[in-house]
Structures are given as structure tokens and as C-alpha cells.
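Pasting the structures here.
Presented sequentially are two complexes of chain A, the first with chain B as partner and the second with chain C.
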Partner chain A sequence: MSASRRTGNVPAFVPLCVPACVLALFVLTALTAQWIAPFDPAMSGDLVADRLLTPSTTHWFGTDASARDVFSRMLFGTQVSLGIAALSVAVVLLVGVTWGVIAGLAPAWLDGWMMRFVDALMATPRLLVVLACVAFTGRLSATSLALLLGLTAWPAMSRIVRARVRELDATDYVAAARALGAPRMRIAVRHILPGVLPAAMVTAILTVASVIPLEAGLSYFGAGIAPPTASWGVLLQDASARPLDAWWLLLFPSAAIAATVMSVNLLGERLRGRDRSLLAP
Partner chain B sequence: MLRFAAARARQTAIVAFVVTSLAFVLVHAAPGDPFATSLDENSNFAAARAEMRLRYALDLPLWQQYPMMLANFARGEFGTSFGEARPVSAVLTDVIPDTLLLMVPALLIGVLAGVAVGTWQGAHAGTWRDRATGAFALSVLSIPEFLLALIASLVFAVRLRWFPATGIFSAGAVHASWLDTVGDYLHHAALPVSVLALVISCVVARFQRAAVVDTLNEEFVRTARAKGAATRRVLVHHVLRRTGGSLFAVLGLLVPTLVGGAAMVEMVFGWPGAGATLVSAVGSRDYPLVIALVLVGSIAVCVGSAIADAAAVLANPAIRKEA
Partner chain C sequence: MTALLSVDNLRVAYADRSGERQAVVDLSFSVEPGEIVALVGESGSGKTATALAIMGILSSNARVGPGSAVRFEGRDLLTLPERELRDLRGRRISMVFQEPAAALNPVMRVGDQVAEVALVHGERSTTRARDQAIAMLDRVGLPDAATRYRAYPHELSGGMRQRVMLAIALLLKPALVIADEPTSALDVTVQAQVLQLLLELQKESQTAVLLITHDLGVVAETCSRALVMKDGRLVEEASVDALFHAPCHDYTRELLAAMPRLVRPRVVA
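Moving on to the complex of A and B:
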């Protein structure tokens, strides 16, 4: 079977460096927003003269209804959206890998209960749980939203990690380490964890593709992060008030979301397609 | 099959436990009396507040509250919605049929289209047509559902005025016959159902394509071909029968995500279903309604995935031992 046949629907003709470069550009933008933003993103300009300007050489992405520079708002929005994605993926990696490794090496009864718990969490609709928490706590800060998204996304990770741990546990080199009398902790950390990481990293990349739209949707419907912090979703919410006469308010955040998610999907699926052992169980 | 049903019932019970515990923790984590802060300090509301405290058993000692709350929920007594000023159960019976009117057609159209496209792609794997449709599906899946819905609404409802932008029936319309009612529903449902069906079909097509590509390499397919069966017959009679089981299994895993996407589509199109009601209830801090909708939604999702998994086992008995 040729490589292109195996990689699912991902067009194999897109070189791996294209999504990688797009993502690198977004990350670079996020890291340097403070220095490259031409205007203060929260500062209103002249409310009469600078309101809802079409994109121009001064305001590359135009201005919004409060006379703020959309390009600068986008730069800082990239920082917030990618920051939320990074933090929640870190939570997913930490909790998901730990849970998966423990379940994979635990005695059968404990493994059974741990995975049953994971199955139940996976059967719970994430959006509903996040909305319930938002209802009771009010609008969240970017950090707590990221933690919440991470804490609802780790079960898929732990399932993949556990399956991989089970495979590695049956290999000869782990048996050899055990025969040499290595303690269980050492086997887990030195021999099994390194073999788990490739699969975990690919899953982490694909998790970004689910976190970014979820954050954008929550913020768009006013259930996400609290203003004045601007993420891409918050920018879209601003745009929804006047979608027809100010197309630039809608276009740039939408394009940023679509470009990021598509790059992440392409990257993740291509990396996963390289190795059959990385396919989800 | 009986063991399988028992396993699924156990899983649904765990989910219900997790969600009700979450509700319990949230009610108690909210500062002070959760039902005092959300109501105006108006004596008219004192009765409503007392009723809520009774429903959630807040006046009892802590160890009695949780079982009491469960017992009330089990009887369908979720209290009174703050926002709608009527029993939550009445709200539920209003919004759930409307959600089904959106989800069921979208699911049927989406799965049928996805299976057709995915099978076609799998049969032509590696050709430019396969890659073009694959790229299209990936593009659709890279745009969040609410954004797709927003774009569709702006283009086809607001700009072109082909379809109404919101609602399930025209406001204040009196329908002369049931035919008019159905026509009005179809006119309103066309856009939201299409958006949701498009997303579902793209997801399904990706899995179906991969399954067909794998199955085409199996020996029984080669045997069928060697017997002289036409390509169409091989696909329909041999390949589809094999992939059906895994398709249902995938659908079972997808149900939670689909529910979330449907909620966002409902919200954009002002569809008076459970998802849009939940989002606005969150906005107005209508605690009883939020808890009831999240609980009912989670259990519905569990039942939905259980049905999908049962269908998977029926379609391919070989996977039963994994259940």
C-alpha cells in the first residue's frame, strides 16, 4: 500500500513543511505581538473619525466599532488563542500520559476501573460540561478556561497511551529490564515512557485542532473568556454585531482559525500516517 | 448481547453519576446560596427560592442532600426555570422535539452522503478526484461548526434571502393544512440541516474511505473479484457489509461531539432546540435549566452511543468480544 493511500483523507501532495511553516508563523506572531503591534489593541482611536475604517495602509485589517485597530487586536488575539491551546494541551499531556501509563502497567482490576472511568468521560459531551461550569462560575479568565478545556480533553490521550504501554510492556527489552531486576518505576520511566511519547505528541497536536474551535465557539456565544481579553472567538463575537457592512471584522479571525486548525490537522495526520503503531486503538 | 447491554448500562450509570456529582459540586461551589444571588431580592421570588432549596435539598444535612437531589431528578422534578418561569420539565418537553427535528434529518443525510462519498473515494484511492474531495473535507472540518453556520446564514439567508435566517416555523403563521406546516418546516430547516449534515458527512467520509481502502486489500475481496464479480457488486455486497460495523462504532464515539456541534448550529440559526436553550440558560445563569439540560443531554448521548455500538455488534458479530 502506498503512503498516500494510508494517510486517510489528508492530501499527501501538501509537503509537511507547509503546515509546519504556517504554525511557526502563528507562534512567532503570538510571541512577538507586543513588539510588532502598530497600535494599542485595547485603546480606542477617535470614535468619530476612526470608527469601522476599511483596511488601509495605516490599519491593515481596518478598525472595529470602538475604533480599535483590528490588526493589533488580531496579534494579541493570536497570543491568547494559542496560549489557551498550549496550556490545555500541556494539561492533556500531563494527566493523559500519567493516567495511561499507570493504567497500562496496573493490575487488571485497577486497569479495568481506570479505563471504565475514561470511557464514561469520553461519553460525556464536553461542550455540555464546560457550559455547566461556565454557568456557575461566570465568565472565565483565559487560564481557567484553558485548564477546563484541558481537563475535559485528556481521556482520549490516556486511551492511546495505555494501548501503547500494553504493546511496549510485552516487548523483549522490557522483559530483559525486568529480568535484570529493574524496579517498576524505573521500567515505566526509562523504558516505556520514551516509546509512548511519539504517539502522545501526535495526539497532543491533534488535540489542538479540537481545542481552538471549542474556545472560539464558547467565546463567540459569550460563554468563553471575559472581555477585554481578546481571543479569536471574542473578535468574532465583536464582528457578529455588524457582519455585512464590516466584512473585515469577520474575515480575519475566521481565516486565522481555519488556517491554524487545518495546519494542525495536516501536520498531525501526516505524522500519524508515517507510523501504523500511532493509529488510535 | 445481554453482557454487552449490562456493560453499557453500567457505563451510562457512571456518566450519570459523574454529571450529577458535577452538578452537586457546582451548586455548592457557587458562593453563598446559589439561588439567592441569581434572583432579585424581591419577596415574590421568596417562594420560588424556597422551592429551589427544597428541590436541591439545600436545607438538609450535606450527606442527605445528594441522594435527595438524585431522587428528585429521577422523578423528573428539576424545579422551576428562572428565565422561563415555568417547570423545567415543561421546558424540556418543548425543546427536545425541536432538537430531534434538526438532528435526525442531519444525521440521516450526513451518514448516507458520507458513506457514499467515502466508499467512492476508497474505490478511487490515490487519484486526483480522491485527493480533491479529501482536501475539501479537510477544509470543511477545519472551520468550526458555528462559523460554517454563520457563513451559510449570511450568504443564503441575509444576503440572498433564499431561506429564513432564524426559527423553525414562521412567526405567527397560521398553517392551512399539515402540508403547509411541513413546507414551512422544510424551508426553515434547509440551512441548519445542510450545515450539520455537511460536517457529519465529512467526518463519516474520512472513516469510510480508510475502512474501504483497508478492506479492499482483504483476501475475500480478491476472491470475489476472481469469481468475476463486478466492481460495483464487490463494493456493495462485500466491502460495505464489512465496513458497516466499524462505521457504527465510529458513530458511537462521535455522538458527544455531534451534540456539541448541533448546539452551536442551533444557536446561530435561532433554532428553538435544547442546545440554543442551554447556551442562553448559561448566559442568564438559569441553574435549574442548565443542570437539567446537561444531565438529560449526557444521558441521551450515552443511550445514542449504546445504540450505535449495539448496531456495530449486530453488523459485525466478530467485534463482540471487545465489548
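Moving on to the complex of A and C:
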């Protein structure tokens, strides 16, 4: 087996611990934002004296046009952005895996209908659906935005899961489980599901990489999280109102998004490569 | 004595892109209780399709033809509802697969896979199922069975894995075991041990065995009767003595002639 196959598309010189540490740092930040933030993220300071300060020892990431501490807003923004990503991926896992397993084990006609439905959903542009929902309901809360992003992202997951279920259903050990009289439900849960999970986890990780920029983009365009709640996208929106002289407003949220998405992608690709080598006979 | 298993006019066809391919054509035979019957034939002669059809676990692109009947303990398996069929599988009739590495779930502890048979067939206590599995693993000669219970299939050798498969197949002392080439994936030295074990267990539990093989040496050592299949059809049925000393069908002679021997074969024509 060649080295490139073993590690997926990612050069092996990026150690797995680098993206893992970056992500761990962000998650830790998100979980502890309440305690480590030096200022209230929504509270303005002195609007004249503390407005648009460059990064300093008091305000590590500077302050914005409303004299709010950008570092504190970044901490809480991380919480919101990663929270949305986590919740939407949970929805993707729940709906996508369930749908995929059922379709994979269903009789051919039902499988056909379920997968054509998935095709139809995948043929619909996600952004359009999300924008339409926002147009109908007005500004969404973080939770409903997460649910919406999750409910538009599961078809890809279900397709991958269904393919894997079909593969596993044809294995000797599933035939052997049938031969010892195991009921269908037991076979699905005990023999097929564990084999589906590695592929599902990799897909879930890669879904995070698509949800984070989408949330940021939506919030940036004013269709996502409503200010003053901070998310990475909202912070970018704040920055967009300023000329480039206030570089710190743009730099930190962009860097956070880029670092997260890159780390998530690296991690996902590496795990995928590893999974494939595990599965190779 | 009524036959334990009787197969009548069994037809199995596989659908592929070019249409239907007949895997088994009008196959009829029977197995008596406690008997060891060999089903012999080259690769692709329909042996495995026969086994899967009897177990009712053919893949979805396979179809059993009309007029076929598989009677087991007086019931037609082909018309039995799935629920009753499930109750028979693993308890009254079980199967040993050819490739133990593929037939064991790679992400499940081997002991749990043995205990699963008991749990599926009405055992409610996981501890009792576990004890039963350990006792059986010990019986099939897995050294240090209580520890090996927690091993994953990849941690065992090929012979050990096939012993585990035998433990699964024979845990509930079924009336019939279908062994589909149980030794062909194993080293020659291990083959003899596994076969010996199968015979011991067969004697202990008075189980009938339908032994599918292409190895006539195995047939000569173990079976009382042999069925020879070619291209999905039964071409000869005879006691093993008759088969080796006076084969009727040309194909059987070919098979016998194809056996590697240390001395020049006597039986030809």
C-alpha cells in the first residue's frame, strides 16, 4: 500500500496533533468563555476614549466601533460559532445516519424512493433554502439557525451511510449473523452500525468544515445570527463597516475561521485515510 | 427413519446484468439425523448457493425457483415465515462459513459473538450466555478461553478463528450443521485439527453435517455418503466407498483423477 493512500490526500508531514491541538484550544475557549473573558462582550466601554483602540495589553485584540473588547467578543463568538457547528452536526448525524441505515436495509423500492428524495434535497441549493427560511421567519436564534443548517446538510451523510450499509450487508459476517438467527434490528444495531460509524464520523467532521463558513457567511450578510450576539460571522460584519485601518477587527475572526476550517479538514482527511487503511483487507 | 433434511427439486438462479444464471438446477437429496454427507464439486458448481438456500440467507439478487422444497424436521423452510425461520437458524440448523476471517465481525469480541447465539435464542442473562460461550470456547480448544473471550478476531490465528466459528455453530447443539468448506482457508496442518474437532463435536451432539468441500481426501476420511455436483446439477450420489472404488459418472472420475497423490492412481475407467 502506498503512503499517499494510507494518509489520504494530506501530506504526512503535518502531524495529526497540530490540527487536533488547534481545535482543542478553540473548544476549550468556547467552553470557558464566561470565565476567561476580561470584559462583557456586549457592554460598551467609554464610547469616546475606548473606541477603535489598537490591540494593547488591556485590550489584546483591540476594541470595535462601539468600544467593545474584541478579545471578549471573540471568546463568546467562538462559543456561538462552534456551538452552532456542533448542534448542526449532531442533527446531521442523527438524521443522516438513521435515514442512511434504513434506506440501506430497506427493500429496493423503498430504498429507491428514499434516495431519490435525498437526490432532490441535494439538488436544491442550501443557501437558497436557508435564505428563504430567514426571509419567512425573520432573524433566527442561534439554535434555530443550527437546526436549519443541520436539516439542510444531512442528505450527503445519508448517502455515504447508505452506501456503507449496503457494503456491510453483503459481508460474510452479516450473513453469519443472519445464519445464527439474529433479528434484523439486532443485526442493524450490533453488526452494521459499528461498521458505519468511522465513515459517519469522518463525514461529520468534514461537515463542521462546511457549516462554520456557512454560518459566518450568513451572519456576515445579515441573514444569520443577529447582533449584538457575537459569532465569528457577526464580528466580520462589524469589521466590514470599517475601512481597513481597523485591521484587528477583520484579522482575528478571519484567522479563527480559517484556522478552524483548516484544522477540521486536516483532521477529517487524516482520519479518512486512516479509516481506509483499516478497512483494506 | 424420516430424513432430517430433504431437498427436492431445488433451483437457485442469480440475476445479473445479462439475465439469469442458474446456480442450482433440480437438486434433490436428503440427510438423515446424525449423518455426515459430503457435497462435492468444483468452484462454481452451486454448492454454496445450495447451502445459502437451505439457510434462507441467499443474497437479494438470488431467487429460489418455483417447485423447490427444502424440508427440515418436517417443515418446508422455503415457505416458513421469517420469524419461525429465525428461530430455527442457529438453534436447530447452523452454518460454518468458509472464511472465518470474514465471517466473524471484526469489531466485536469473539466471545460476544459466541454468546450472541444464546442471547438471540432466548437466553436472557448475559452472564449465563457468557459462561456458556466460555465453556464452548474451551470445548473447541481455544486455549485460555476466559481471556480469549475478550479477543478480537484479528488477534486470533486462522485455525483459532475457525474454532470460534465451530463454537458458534455448535453452541446450541443443532440437529444439522452446514459446513461450507470449513477447512479450505486454513493451513494443511490446521485443516486436520479443525476437521478432527468437527467430527468430535458431531459425535458428541449427534449432529448431522452437510460438509461442502472440494477436497476428496476430506470426504474419504469423514463422510458416509457423498453427493457430486457439477454446473448446479447432482451428477452422482453414492456411499463414499462406492464413490472411490467405482465412480459412475465421468465427472466424478475426473475429480478423483485430479486429486494429488503420492502413488499412481489405480481407479480409472
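In the analysis below, the second predicted complex is superposed on the first by the 267 of 281 C-alpha atoms of A that agree within 3 Å, B and C clash if a C-alpha of one lies under 4 Å from a C-alpha of the other, contacts with A are read in each partner's own complex, and residues count from 1 in each chain.
In this section, contacts are C-beta pairs under 8 Å (C-beta built on N, C-alpha and C of every residue); 3 or more make two chains touch, one makes a residue touch a chain.
Just so it is clear, the model here is predicted, and its values are computed rather than measured.
Of the two partner chains, neither chain B nor chain C is touched by A:Pro15. One of chain B and chain C touches more residues of chain A, and that partner is B.
By the touch criterion defined above, A:Tyr173 reaches chain C but does not reach chain B. In the superposition on chain A, contact of A:Ala135 is made with chain B only, not with chain C.
Of the two partner chains, neither chain B nor chain C is touched by A:Gly112.
Once the two complexes are overlaid on the shared chain, A:Gly195 sits against chain C while remaining clear of chain B.
By the touch criterion defined above, A:Gly181 reaches chain C but does not reach chain B. Remark: chain C residues 52, 55, 57, 59-60, 86-91, 94-95, 97, 99, 102-108, 116-117, 120-121, 165, 168 touch chain A in the complex. By the touch rule above, chain A contacts chain C in their complex via residues 108, 170-173, 175-183, 186, 190-191, 194-195. Every residue of chain B that touches chain A in the complex is listed here, in rising order: 10-12, 14-15, 18-19, 22-23, 26-27, 29-30, 34, 121, 125-126, 131, 133-135, 137-139, 141-147, 150-151, 154, 158-159, 205-206, 209-210, 213, 217, 253, 256-257, 259-260, 263-264, 267, 278-279, 281-283, 285-287, 290-291, 293-294, 297-298, 301-302, 305.
By the touch criterion given at the top, residues 1-2, 4-6, 8-13, 116-117, 119-129, 131-138, 209, 213-214, 216-217, 220-223, 236, 240, 243-244, 250, 254, 257-258, 261-262, 265-266 of chain A touch chain B in their complex.
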